[in-house]
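Take a look at the structures listed below.
Two complexes come next, and they have one chain in common, chain A, joined by chain B in the first and chain C in the second.
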Partner chain A sequence: MAHFTKATSVKDWLNQRLAIEKVEKVMASEYWIPKNINFLWAMGMVLVITFVLLLVSGIFLLMYYQPSVGMAFDSVNYTIMREVGFGWLWRHVHGVAASVVFLIIYIHMFTGIYYGSYKKGREMIWISGMLLFIAFSTEAFSGYMLPWGQMSYWAGMVITNLFSGGSLHADGLVEWIRGDYVPAQAFLTRFFMLHVLLVPIAIMGLIGLHFAALRIPHVNNQDGDEIDFEAESKKYLDGDKAGSKVMRFANDFMSKDMMVVGVYLVFFFYLVFYNYGFAMDPVNFDPADGLKTPAHIYPEWYFLWSYEILRPFNIDLGLALFGFAQVIFVFLPFLDRSPNSVPASRRGAFKYWFWGMLIVMIVLTAMGKLPPEGMFSTIGLVAAIIFIAMWIALPIITSLEKKL
Partner chain B sequence: MESNSRRGFMGKAFGAVAAVGAVGSLVAMKSSWDPLPSVKAAGFTTLDMSTYEENELITEKWRGKPIFVLKKTAAMVASQTDAQKERDVVVDGMHFMLAIGLCTHLGCIPAYKGEKDGFLCACHGGQFDWAGAVTKVPPPRGFDIPPFKIDGNKLVLGEAGPEYTKMKETGITL
Partner chain C sequence: MKNKEPLILAVVVFFSLVTYYLVEPYAHHVMHKHVESENFAYADLPAITKTGNAANGKELVMNAGCAGCHSIEKAGMPAPMDAVMAAQSYGVNPPDLSDAGAIYDAKFLADLIKNPAHALKVEHKYDAAQGKMHPMVPFYGMGGDMDQEVADMVAYLQSIAISPADVTPKIAFENACGRCHSVSYEKWTQVGSKPAFKHKKDELAFDIKVLEYQDSLKAYMGKLPPDLSMYIRSRNEQFISTLIENPQNHLAGTAMPRVGVTADTADKVIEYMKDAGDTKRHERESVGMNVMIYIVIFAIFALLWKKQVWRDLH
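And now, the complex of A and B:
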């Protein structure tokens, strides 16, 4: 049996039973962060805060939302927006956070790509991050259904139809996913379940995995330095804080994270109070109608780039390329054949690849929002082909890169 | 050694029991997501075909889906190609276009722009003629025809009559 002594304080009492000092060391005071990293590394913490905002506002929305096809629309647009005290606040926080969280995820992702943070022992950080992206996409889509407006209904119709696999014509699978011939009650209730229970649990598990994946290889840094974390942390603990290349996560590095979070929250609540409209599609303020399609259907801005890859081709090729675009980022650590995990600016052709990819995705996003006519669909087609070609070219150009 | 093989046996036996349980629960989970019997039972609609006006598109509802019914004019019938004729539903001598009004691409409802321009899907730019065949991709095929049974001048949607079965066999609809 373990040996216990009489506790000298509450902390000591807990420490003997919960090892809180050890936990504190592992999680905070002896979790080592390189010093040479910029504000872009704070996006992880920004995401954590945004996720908490989503969770809290979601809990308050959940208490008045009615997951029934007859009542869902009014429970959101009347009960929550007009009757529930500060209901509008929870809805706007939830809506704005759902949109902004993708902006931050994309910044977080492209920071990782720019600095090569997915390579050399950090593959699991990248892969768990991409799994999180998929989980967040599912969460966003299932949440988009819940107000049961026109865009909700037709997005549900179009996205579930993707599962028919084009010429495979797997209508049985689509009907199974919907629980009906069209999106209806069964569909709404099961997406409600996914949105409030199953996917959030998966997200929390994946966040745990994402953090765990970070602990052993540690975060990368702005210069791609290979830091000996053991030696550097020893230096720090021995008192040479200035000479050490690393610092504690808490409370030293946290202060910088929190500074960025503070600036972000000002921006976030500016959006919530003055510009919440961008996260609310006007079409979704019409109740769902299965017999009338809105004139122009488009997803939320964060899915536009992949939607545009689906659009210009025939259904089978479009679906195949859409699938390609969805999963290809997961394989980035293995497609990048260069051993250099330094900023893109110090690498060879990858520098152009990085900025090219960013531009192509912005072009795809813009074209995805515009109607599929004339010039726009031609630009969309060209951008989609360039996107695919760039991914095929990536292993070639990176294997030609010389080692720095 | 002996105890190792005993543990190995217990491990395998547990694995077998767990596998049976896992398969069983997967079957239950699959079934729980199937459309409910009440949903399936509500999947029949009867249309009175004598009430339609010529060249006026009427949208009916069957299984929550829009059903296009277009009574063709004599001129339309006369101008039809063989392929278009095969898609006709003839009730009591009247020719109809009958179709599930969802674009076969991703399921939006195309709008009817009249005899000349046919149906236009705003979502992804697909077009169909007034017989329901594709005239501009991305839709992979013409409108699907719902299962129907002709009963005098009535049409029962959701039940496959001989005319529908023939269309299915000849590949006119899926």
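And now, the complex of A and C:
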């Protein structure tokens, strides 16, 4: 057994038992961050804060929500919105955060793509991030079902129908997933469980993995510099704070994180109080009606781009390409054949690839919401084909890239 | 090194706003027909040219047989039958006319008395030539000047009604919408407010009355008109206002009649619907302001902290 001495302070007492000083060093004071990074690197902290807001508001909502087809809608719209003190606030925080978290995730992802942060030893950061994206998508979809509104119900119907595999007609699989022929009680209860237990646990585990993946390769920086973290951190600890290329996570970078979080929260609470409607589809304020299809069925905005890759093709091809779009981002570190991990602006054809990908995804997002008629379906089809072609072209254009 | 952060922020904000614009305002514009307000002018109805005389109007209302179907509680005329039986006879319970003069537009009332299907814009359902009569019998005149007689009747209804300023959101809603639409979040049913019952038996008896009424209504309208508890959120104010004004503009061929309310009454109906579906709006505004002030102060302190910490880093 280890040797224990009489503690001189509470901190010392804890330190002998929990090694809190070591933890503090690893997690904060000697967790080294390059200095040449911009506010986009604070999106991780913004996501952590948003996740906490979702978790806390979700716990309060969970106290009053009733996962039954007869009561779900009223428990949200009557009990939580009218009877529970500040229930409306928790609900709007939860609804707005669920939407905004995807905006930040997309900014975080495109930051990683632009600066090449998925390369050279940072593959696990990217892969764990993409796993988190998938987990968040599952979380969002399962949560969207819970108020049992019109769009919840029909989105649930459409998405679970995808599992029939098109002309494979695996209807048995669809019924197994739903627990019924149509979305009904079994479906609601199991999505409730997924939303409040299984997926959140997976998300928390993946957040741990995502952080751990950062530890050895360290975060990238906006110039693609290779930094000798040992030498630079020694310089810092020896007192040359200004001359060192690195800084501590806490309080150095964390103070910048908090500044960004402050600005972000102004935007966030503006949405919660004055523009919450953007995150909540009005159709969902009609109770679910299995006998009446809404005029247009569409998913939430963050799924629209992949929905639009499914839609313009016949069902089998659409499903195959949809599956392709779902997983292809995970393989980005291996499809990018260039040895350079520098900002896209310094990287030949990849520069155009990056902006092209951003624009094509925005076009797909817009077309995914609009009714698939006339011009819109043509634009959607072209954008979907460009999206696929760009991914096929990626290994070719990046292997042609000169080494910097 | 040049500080690129403002440029990066501008790029992020630009692409976020473009996406937002396409997914929200633009998509809504494409998917939902925009209906212009007609300002509750009822411009298609003829103007009232005569000055009404309330005392004559009272006589006319008595003699024209209005009370055969309508109650006028204020004038001591109770309903000839209860709501359920009335609905079984006419499809829907004919309204009590006590406050009609304050709720509805005068021009609309005048046209309604003469030609109900026209004023209500349900001629596609009730065509006298094909033998499909609207349940409300038109007034054919008592032998005098028809326009004068109608003006008198309108003047009478206005004279007994409460002052338009005293029409509450609840009175407005119940008169204009409440015989077809329930609002479960306000405990409103088509046959009246649902009281708190002491005995389950009494509650069930009330529920049966509602269900029977709804059966007649369903047969009359083609389907049960929706519960409006959450309509303020599932539809927007502009939609509701223009729908009340002229349902045909939104839902061509719908069985919903033009209600004929004044602009003021329509505002009150919307107020009532906000009370049902957006109860906490006043609290939201006051709490929102406080939270925003707090968060702005937090952001300022965070900025100062960052400046202090980073002073040594450069």
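The rule is short, and it goes like this: the second predicted complex is superposed on the first by the 404 of 404 C-alpha atoms of A that agree within 3 Å, B and C clash if a C-alpha of one lies under 4 Å from a C-alpha of the other, contacts with A are read in each partner's own complex, and residues count from 1 in each chain.
Going forward, contacts are C-beta pairs under 8 Å (C-beta built on N, C-alpha and C of every residue); 3 or more make two chains touch, one makes a residue touch a chain.
Computed from a prediction, not measured in an experiment: that's the story for all the values here.
J.: Just checking: does A:Phe313 make contact with chain B only, chain C only, both, or neither of them? Give me first, second, both or neither.
T.: Once the two structures are laid over each other on A, A:Phe313 reaches chain B alone.
J.: A:Met81 in the overlay: touching chain B, chain C, both, or neither? Say first, second, both or neither.
T.: Touch partner of A:Met81: chain C, not chain B.
J.: In this superposition, which partner touches a larger number of chain A residues, chain B or chain C?
T.: C
J.: Looking at A:Lys35 after the superposition, I want to know if it touches chain B, chain C, both of them or none. Which is it: first, second, both, neither?
T.: After superposing on A, A:Lys35 lies in contact with chain C but is clear of chain B.
J.: Who does A:Ile107 touch here: chain B (first), chain C (second), both, or neither?
T.: Only chain C; A:Ile107 stays clear of chain B.
J.: Could you say whether A:Val56 touches chain B, chain C, both of them, or neither, answering first, second, both or neither?
T.: So A:Val56 meets neither chain B nor chain C here.
J.: Counting only touches as set out at the top, which of chain B and chain C does A:Trp176 meet: first, second, both, neither?
T.: First partner only.
J.: By the touch definition at the top of the document, which applies to A:His296: first (chain B), second (chain C), both, or neither?
T.: In the superposed model, A:His296 contacts both chain B and chain C.
J.: Per the definitions at the top, what is the overlap between the chain A residues touching chain B and those touching chain C?
T.: In the superposed arrangement, which is not itself an observed complex, chain A uses residues 295-296, 371 for both chain B and chain C.
J.: Can you check the complex and tell me which residues of chain B touch chain A?
T.: Interface residues on the chain B side: 30, 33-36, 39, 43, 59, 61, 63-66, 102, 105-109, 122-125, 137-140, 174.
J.: What residues on chain C touch chain A, complex-wise?
T.: Going by the criterion above, the answer is residues 1, 4-5, 8-9, 12, 15-16, 18-20, 22-24, 26-27, 30-31, 185, 226, 229-231, 233-236, 277, 279-280, 283-285, 287-288, 291-292, 295-296, 298-303, 305-306, 308-310, 312-314.
J.: In the complex of these two chains, what residues of chain A are touching chain B?
T.: Per the touch definition, chain A meets chain B at residues 154, 157-158, 161-162, 166-167, 169, 175-182, 184, 186, 190, 290-293, 295-297, 311, 313-316, 318, 371-373, 377.
J.: Mind listing the chain A positions that touch chain C in their complex?
T.: Where chain A meets chain C, its residues are 35-36, 38-40, 77-78, 81-82, 86, 88-89, 103, 107, 222, 241-242, 247, 251-252, 255-256, 258-259, 261-263, 265-266, 269-270, 272-274, 277-278, 280, 282-287, 295-296, 301, 304, 358, 362, 365-366, 369-371, 376.
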